[in-house]
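Presented sequentially are two complexes of chain A, the first with chain B as partner and the second with chain C.
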Partner chain A sequence: MEKHVVKAGQTLVLEYFILPGESRDIEVEVELAGPGAALELRGLYLCSSTEKVSIRTLVRHSVPFCRSSQLIKGIAGGKADVSFDGLIVVAPGADGTEALQENHNIVLTDTANVRTKPQLEIYADDVKCSHGATVGRLGDEELFYMRSRGIPEADARELQILSFLAPVIPSGRREELEEAVRKTVNGSRQDSL
Partner chain B sequence: MSEEKKIIEQFTSSEYKEGFVTDVEQVFVPKGLNEEIIRTISALKEEPEWLLEFRLEAFRAWQQMEEPRWGHLDLPDIDYQDIIYYAAPKKDKDRPKEIDPKLSETFDKLGIPLNERDVLAGVVAVDAVFDSVSVTTTFRKTLEEKGIIFCSFSEAVKQHPDLVRKYLASVVPVRDNFFAALNSAVFTDGSFCYIPKGVRCPMELSSYFRINARGTGQFERTLIVADEGSYVSYMEGCTAPMRDEHQLHAAVVEIVVEKDADVKYSTVQNWYPGDSEGRGGILNLVTKRGICKGSGSHLSWTQVETGSAITWKYPSTILKGDFSSSEFYSVAVTNNRQQADTGTKMIHIGRGTKSRIVSKGISAGYSQNSYRGLVRMGKGADGARNFSQCDSLLIGKNCGAHTFPDIQSYNPRATVEHEATTSKISDDQLFYCQQRGIGQEDAVGLIVNGYAREVLARLPMEFAVEARKLLQVSLEGSVG
Partner chain C sequence: MTKMNNLLEIRDLHARIGDKEILKGINLDIAPGEIHAVMGPNGAGKSTLSAVLTGRPDYEVTSGAILFAGRNLLEMSPEERSWAGLFLSFQYPIEIPGVSITAFMKAAMAARRKAAGLPELKTGEFMKLLKEKMAFVQMNPDFAKRDVNAGFSGGEKKRNEIFQMAMLEPVLSILDETDSGLDVDALKIVADGVNALRTPEKSTIIITHYHKLLEYVRPHKVHVLKAGRIVADGGYELIDAIESRGFDQF
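For the complex of A and B:
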């Protein structure tokens, strides 16, 4: 398990980038231990076969005036099994906390499973905490819009996936991702045929 | 700060006005739980053999089970051998048909009219349950004309054994969980309701539960069956006397919704919450579940939870029929040392099923308030959709608000959305109100009511009025 302690005034950036073929079990605990400490956690996964991805995060706001933001987005195709289990704990007295946690998923195939548990435990009152989670599919209307403008289906799906993942793509890894997305889209199309 | 203290003191001394005890002669079975007790209860209720077997089987299953401890609750140890499992007011032999005036008085005091003439023409039919027995059920005649069966559970066992046998434990199996098994073994009374095909129930049906006797637990069982194309709105209310001991309330509610039927289930839970130090209060550990069996069926849960020392309750819906839908609207208020772990489960099985969850938690004082929910999209739930929103409002420095949602999707054509926020009443809002001459207390009431409005608006009218008042009282003086 990874464990980080962030001191006053520091900002910790964590990035997870998981491409097809890679199974990962991530367990990370971050403690915001001094006023002004901040965490930015971004995660991306793209699964197209039998990967098992499990992400567990525990963010502790132990003192006042810390910020944390977690944004985790991913695509589950093939027979992938994806789970996210996040917990934010705001200690008594940690006023002025701002904590955000989001996990969004797109499922491509009947055989992929997604489970998500975005959890909050809050013991202080002057806080701004929010979390959100979605599990859905690629929108048919967007696809239709693009296809009616002459964009081939595969390209349109690629664009949809890329734009969905855009906020969490680490700098300099875009091309790598585009390639992987192309393969995933072609793969899942063959599955459905 | 001293102002804060003063206000908090004011609140903690504020009264639980349903906390009185009715002095009436009662029949008890001895303390403790064993097969003999279960046989005694069954005999007292003159039950058929199959029901006794059902109880005994449940009891044996229960002995093998363990108390669930996964809730975000500090559950005190419960001594199951130190509870009286059956308590009933003594029947007066001279007037077997009439209600004991003292009981009538009790329910009058609680605002539950047992005499039909006292009620505004045809508004609500009530089944009143006092400790372990149903005292009376009103408006039976009017309902019978439509073919609606609404009576106490014990009566249903005698008069409609086929229906009861068919549906009992069909939604909440005996082995479902520890408290459901316990209830199946020792349940005493509750309401039974059957709405026949195509009938729209002309009035609100309601059960009122009252715990009175010391050292007892209440284990009621409610079964609602809505046949094809029928409609019913059902309400449930509950109160208990103030005592410095914990009392156990482990109920089971089962709802069966057939094709195109529509059931609306509302609860205003106001059990005694214990005193400001957390002494006493009801342990409210209940299992409520409905099944949308047929296509196009609909089940709606609305709950306002203000009472109980501990609440452990997850009204759930199994969406089995294609295109069936369900809603869960909840306001849970905790103050002082109260603890609540409540939420819902939406199990999507059928195609095109839809569900919506709106949960508003309000915690004040030293209380802990958790939302726990499960949304599951099964393999066959094509085009299913869920939207959940759980907001928490914190009032004061020492309380806690928690959210534990669990989303499981096994179908790519299903959509699940969940969002939650946690905040406190903003100083700006308070300032705005106070600047316009609205006192602090009233301002908080106003803001909280606005915050919970979406849920309160779903309650039947009589309940909505009560719920609004309850919110106000529950939060009195909790602003710091």
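For the complex of A and C:
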């Protein structure tokens, strides 16, 4: 269990970057303890076989005028098991809070399993909070558009996955991710043959 | 003898989506260098025709045949059709957030050249070509870095389609309602692009329910599509007839 306290005026950046073959159990608690404290949390997972990835976040807005943003996006293929539990607690009196929490997933196979549970507990009046979670499949429209331009199906799927993950790719890790996506797409194609 | 020379031949084409038959026996021949207009009211099957030609997976051809440059088009995947020189300018171009126009076109060009047995273009050569073609359709060079169609206006999306057409140099271009939602200036840019890309070998199908684009890109032949069939064939005079009396006359 990872615990961070962010003081007034400071910004904490947390990045999680999980590639195929890696199982992870992340449990993180962040307290925004002084006015103007901020959290930027970005997470990316790419699972292609039997990985288990669990991410639990607890973000406490204890005082007024703090900001938190959590964006977690991932791909679940093979027989991967992914779960996200996020809780934001806005304490009484923590007015001027801005909190955002998003978890979006794409499943590549019927055997992959994704559970996502974003939650808010708000005890203050003047807050801006939003949360959202989705589990979807790769869109047929985008795929067809790319294929109609001559991009082969596997390459188009790679581009689609990279495009979905783009907002959470840590700087300098793009090439590594591209390689992993290529392998994942080829693997899931062979599975379906 | 003339049959051999057609770029596209559609024979008694029937197609459906789900249980609904939309095309009910289309026949169409397009010779190299010709511009054909396919006009018709909403729901006539115009977009289904372009979907079937480009191989959209959700449309099913139940009978009939399509020959493209002598090949059985219906046996080819969407990407193979593109490599063979078919291009569709989408009525509603798709947004691909996270994929830049440069990355998108690089993937498309690389696949096309690979299919033709050509080496991939060097980055410098590719960027030069990209800039030339963007200038050609009067697209702001900053768009090269932007994500494909993401946040583009209607006119910008259509211009991006014509840019892609200029990059890929198709033999047969299908412009599906490319004129809809365009103001006159954007329409002229699209029309100039289409006209400038013309060669004696290249053909174009303009699908529209509106005559405006056809004033700038004059078709050789005009077909009226209604309820899944071509109900009239002719020349420019058909457009005048539609202008004055609508599609009900057919």
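Basically, the second predicted complex is superposed on the first by the 193 of 193 C-alpha atoms of A that agree within 3 Å, B and C clash if a C-alpha of one lies under 4 Å from a C-alpha of the other, contacts with A are read in each partner's own complex, and residues count from 1 in each chain.
Simple rule for what comes next: a residue touches a chain if its C-beta (ideal position, glycine included) is under 8 Å from a C-beta of that chain, and two chains touch if they have at least 3 such contacts.
Please read all numbers here as calculations on a predicted model, not as lab measurements.
Once chain A is used to superpose the two complexes, chain B occupies space next to chain C without a clash. By the touch criterion defined above, A:G150 reaches chain C but does not reach chain B. With both structures placed on the common chain, the touch criterion links A:P92 to chain B but leaves chain C unconnected. The wider contact with chain A, measured as residues touched, comes from B rather than the other of chain B and chain C.
Touch criterion not met for A:K3: it reaches neither chain B nor chain C. Of the two partner chains, chain C is the only one touched by A:L159; chain B is not.
When both complexes are overlaid on chain A, the residue A:E141 reaches chain C alone and has no touch with chain B.
Put simply, the nearest alpha carbons of chain B and chain C end up 14 Å apart when the two models share chain A. Chain C contributes residues 54-58, 77-79, 81-83, 87-88, 90, 93-94, 96-99, 103-104, 107-108, 111-112, 115, 147, 164, 168 to its touches with chain A in the complex. Contacts from chain A toward chain B in the complex involve residues 92-93, 105, 107-110, 112-137. Looking at the complex, you find that chain B touches chain A at residues 72, 377, 379, 392, 394-424. Across the complex, chain A meets chain C through its residues 140-142, 144-153, 155-156, 159-160, 162-167.
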